[in-house]
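The first chain written gets the first letter, and so on, giving A, B, C and D; residue counts start at 1 in each chain.
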Amino acid sequence: MTVPIEHGFVLVALLWAIGLIGLLARKNTLFMLMSMEIMLNAAALAFILAGSLWQQADGQIIYILIITVAAAEVGLGLALLIRLRAHVSDLNIDKLDELRG
Amino acid sequence: MNSLGLFYVSASIALLASFCVITQKNAVHALLYLIVSLLALALCFYLLGAPFAAALQIIVYAGAIMVLFVFAVMMFNINQQDIERESQWLSWQSWLGPSLLVTVLLVEVLFILQSQPAWTSTESQVTLIDAKAVGSLLFGPYLLAVEIASFLLLAGLVGGYHLAKALPHKPVNKEVNQP
Amino acid sequence: MVALSWLIWLPLLCGALAWTVEKRFQGAGNWITLSGLIGMLLLVLYLGSLGESTLSWDWFARFNIHFALWFDGLALLMVVLTIGLAILALAVSWRDITLHQGFFHFNLMFSIAGIIGVFLAADLFLFFLFWEVMLLPMTALILIWGNENRRYAAIKFFIFTQASSLLMLVAIIALALEHQTQTGQLSFSLSALANLSLDSVLEWWLMLGFFIAFAVKLPMVPLHSWLPDAHTQAPTAGSVLLAGILLKTGAYGLIRIVLPLFPDASMQFAPIAVTLGVLSIIYGALMAYSQTDFKRLVAYSSISHMGFVLLALFSWREVAFQGAILTIVAHGISSAALFSMAGIIQHRIHSRELGDMGGMWANAPKMATVTLIFVMAGIGMPGLANFNGELLTLLGSYQTFPTHTIVAALGIIWSAVYGLHLFQRAFQGPMNTDISDLHGREVVYTSLLILALFYFGLQPHILLELSADTLNNLLEIAKEHRP
Amino acid sequence: MSLQELWLLLPVLIICVGVLTLMLQAAWQRNNVLAQGLTVLTLTLALGALIRQYPTDMRTITLLFEHEPIGGFFSLLLLMVAISVALLQGPYMGKNSKEVAEEFYILLLLSCLGSILLVMSRHVASVILSIELMSLSMLAMLAYNRERKLALEGAMKYLLLSGAATSLLLLGFALLYATSGQLLLTQMLSSPMQLVAKSGFVLVVAGLAFKLSLVPLHFWTPDVYQGAPVNSTLLLTSLSKAAVFALFIKLILLIPPEFEADMVRMLSWMAIASMLLGNWLALQQRSLKRLMAYSAIAHMGYVLVAGVIAMGIDHSLVLEGASYYLLAYLVASILIFAVLTLLSKLDEQQDLDDLPQLQGLFWQHPWLASVMTLAFLSLAGMPITIGFIGKFYLLTLAVKLSAWWLVTAMLVGSAVGLYYYLRVIFTLFAPLQRDIQQTSGAYLSKMWIGVITAGLLLLGILPGLLGDELRRILAIG
């Protein structure tokens, strides 16, 4: 069998879109971080797809690098979140938003 | 069921789970859905001929990174009050704008994908690219990338350590500025 | 000739020196600046006696830009005028400036250096550089030592001149690139660019770019609105420099760049330019009449007078050109003189309002006499310098634009009205204020100004001889291009 | 990987060694001054190494990197920025700071490492890793003082949005990879481009435009700038912009001809919108950091002009213009933020940021105020500063290509820009209202500021010094 590559990219697009919606619509920072993870995952899937299309191992290598990036981002993001939690009791990004104006 | 069918099933699960992630009220529930989504994607990877990536997805992503999330959520100690407030925020109006925008984007993407004449893939069979192939490439031409990745993780480590560690106490004698 | 460049380095050095020394020795800045200016005056006279000279150093080879100076009769005239008025500006502010004196001298000298640079530059890039550089210290003069509304005036002055000069920059670049397409090499040299034969559409746009920059400086209605504010808010020294020299850089640019480089376009454009010039004359005169602020009145009269220069330059007649040169010099002296009188009065009664003056003749007869002479010069009384300029302008431009000239002549009548109105309100009528008369230093420099006004009024040919080369060159170009 | 390739990587290796040394030092003994000294030493050595083996031609280093003249020049700029930040951090923290210093310097070195690697990248893998190394280390520096709530919020915002931008960038690269089967930048953009590849490239451009804060992906900039400690803001506004721009222009020069017209249109609109919007929004700011954020948006718009034109005419002039402009922008930014750094303290809840707080600076600290004035004049593009030469280059390019829309937007933008730069300068020269304290001592930092200011003037007055040299350096085969 082969997975039609178009369908694979439709999956990527849908996943990425879900992530973006989450990032834009949710106000809770934790959920926004999760949405960001979904988006990064979609990008990773895209590389696996492309790699399998060309039958190269390079796609998977980029995948490995992407999860490294994701790990570092999550680590920093959660550390920030812990620190922010000390300042505000909830994680509402709107309440964080005294900057705008 | 052939493997193509499996792919569609796992893809649908991934989509559904991701959707649940962003609509959940409770953070722990959302995390569980996120793990489901990651696992489903791992299956997709496997079916696309990338078993090594699939294994990593489960071990590193669903395993390590998600544990980090769970740990953090435990630290936040989200209570019932938080969850109630969260449900208040989840009004349908807040979804309308982003969803509309993203739908437009999606339609565009579908159009682009459909306009592609033919993907140049010629093989009828999925070729398996195993861990050995990936490994020899990774520690061959991509060696420097591994090194940089280690520095990236170091940056994450140092940064995370600095941000998350306890706040210092104020020194007794503050520095006096000369005018 | 290397000595030429010292006309620029000397004021820079003096300014920096005055600033540093002033910190240690109170009052030394005045003397350093004065001796620097006198040194420059001697240097320029010496250079003038040697005749025309040039200087060219490689500067920015990538774009074939040179540090090129060009010193001829017209430049000599303008530089001497600049230095003379700079001495006047220094004299009127000798004791006026109490705050940050050293820095004041620094700014004064830097703006002088920039202005002299504009008059000497033979490379358009260098011209632009000086054009911009002279603005900064001038803005600082207005901002730091100006009157109550100085911040607004300084911003307005700066933005107007800067924004318009950006257009000039684009025009300069386009011109240099056009030189590249025609000859294969970029060039910013004025003399090289004068030989280009431009496509008429391009020529039109380029001319417009330069014209707008110069018209703002001149200033021409409707681009004048910065001037009344800047002149009114500036300290007296600033007003003297602004009215006396800075406005003239606009006219100088027209003579040096717009007319010789774009003869066809500027001939086509002449009816519009002349109309705007006449508009400036009438508008300036009318507005001057309705002012109650001494400085503001003189500022509007400047707009009116510079309208004559515009009218003269775009009529493309020898007599009119001569009129323009005379007006430039005469107005430089007379308006600077009036501003210094305004400064003297403001220093004494802390007001520029004509309503606060009145009847000062009784207490200050010397001041009244001097002011009367300056006003008479301003309204073009025969025997004083301005009369020759205006007369020649009207005579010359009548040949090309008779209707415009007749309307412009009305402006002269109005100038008599507002001039005498000014004098009458300030010095005659009931006595409103007690004022002391001119003291020694003031008598010296005002009488020098009066001398200059009479001298150039009776001996205008000196000015005409100095500028003859430039004007002849223009007339030759005109002959070639006249349809 | 041969020894020769390693040798070419020497500056990078020196920085890596520096990172490790600093970590060892932190384990052995915490000492702010020592850490700063080690960092400056590392960066200076790296600078020396880079100059010692300045590339004269293009050489590849394994699959991932290349060593070439333009990249070399950008690396010089990046090291200059990093040295400035390292030198300023000492006075900014003070001797008895509550925060520890080592982490900051480690992150600074890592971020500098990432930026240099980004400039050298020729492969998707190295692009992704180095861009993230740079941004993530910077992120932790943006929230370095953890007691500042605004800093934490700004950093969070940056993390989330930059993550989204990264995923966009990755998606774009994936699409390009899917259509070409290549991961090398030079081969990815092979002609003919299909629609999928084109949209992939647009996504890549969007991802980079986010980092450059070009309109319409600029919205995060002011908040992040305002929240962060001023010295970290300097890093964000100079290091990341310069490095990303180096990659950006590299990609743009690779665009195949049939896609050029579309890209020119798209980039032109982005440039015009950035110049106009950035300058316009800057008008209303009271906060200096926000003002600098909007000014950065506008200036990135100006630099993009060079990118747009890159597709039209001879590349060496464009690279020269872009490099000069970027250098001018960096120098001015370094100086402005350096002065603010010397007037602020990391330990305090807020930096000196509100414009009225600076009123009369000239009369109390004439040197600092003069530096700031010159820097703002340079940003405004006034002659005798380097900013004017940069603007002159860009205008020449735009006029040469007859890109009149761009010229118009540049002129309007500059005219608007004049107003708010002037407002700041006027504030510095207004009568002194209240005492402004500056960090005393810190002679080395002040000397460095003096050197950079001298460069700003020198290259403005004698542009030939660099302009002619650049032409030689950037002459690519």
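The rule we apply is simple: a residue touches a chain if its C-beta (ideal position, glycine included) is under 8 Å from a C-beta of that chain, and two chains touch if they have at least 3 such contacts.
Just so we're on the same page, UniProt names per chain: A = NADH-quinone oxidoreductase subunit K; B = NADH-quinone oxidoreductase subunit J; C = NADH-quinone oxidoreductase subunit M; D = NADH-quinone oxidoreductase subunit N.
It should be emphasised that the depicted structure is a prediction, and the values quoted were computed from it without experimental measurement.
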Two chains joined by the most C-beta pairs in contact, as defined above: A-B
Averaged-CA centre spacing for the pair chain C and chain A, given as whole angstrom: 65
Centre-of-Cα separation between chain D and chain B, whole angstrom: 29
Whole-Å separation of chain centres (CA-atom averages), chain A against chain B: 5
Centroid spacing, where centroids are CA-atom means, of chain B and chain C in whole angstrom: 69
Two or more partner chains touched - positions in chain A: 5, 9, 19-20, 33, 49, 51, 53-54, 56, 58-59, 61, 65, 68-69, 72-73, 76, 80-81, 83
For chain D, residues contacting two or more additional chains: 125, 129, 132, 136, 139-140, 143, 146, 178, 181
Touching two or more other chains - residue numbers and ranges from chain C: none
Touch relationships between chains, expressed as pairs: A-B, A-D, B-D, C-D
List of chain D residues in touch with chain B within their complex: 1, 16, 19, 61-65, 94-96, 98-100, 103, 106-107, 110-111, 113-114, 117, 125-126, 129-130, 132-133, 136-137, 139-141, 143-144, 146-147, 178, 181, 194-196, 199, 435, 437, 439-440
In the complex with chain B, residue positions of chain A that touch it: 1-3, 5-11, 13-15, 17-22, 24-28, 30-31, 33-35, 37-38, 41, 45, 48-49, 51-61, 63-65, 67-76, 78-83, 85-86, 90-92
List of chain C residues in touch with chain D within their complex: 58-63, 100, 128-129, 132-133, 136, 140, 143-144, 151, 154-155, 158-159, 162-163, 166-167, 169-170, 173-174, 176-177
Residue numbers on chain D that touch chain A, as the complex places them: 124-125, 128-129, 132, 136, 139-140, 143, 146, 149-150, 152-157, 159-160, 163-164, 166-167, 170-171, 173-175, 177-178, 181, 183, 222-223, 226-227
For the chain A and chain D complex, residues of the former touching the latter: 5, 9, 12, 16, 19-20, 23, 29, 32-33, 36, 39-40, 42-44, 46-47, 49-51, 53-54, 56, 58-59, 61-62, 65-66, 68-69, 72-73, 76-77, 80-81, 83-84, 87-88, 93, 96-100
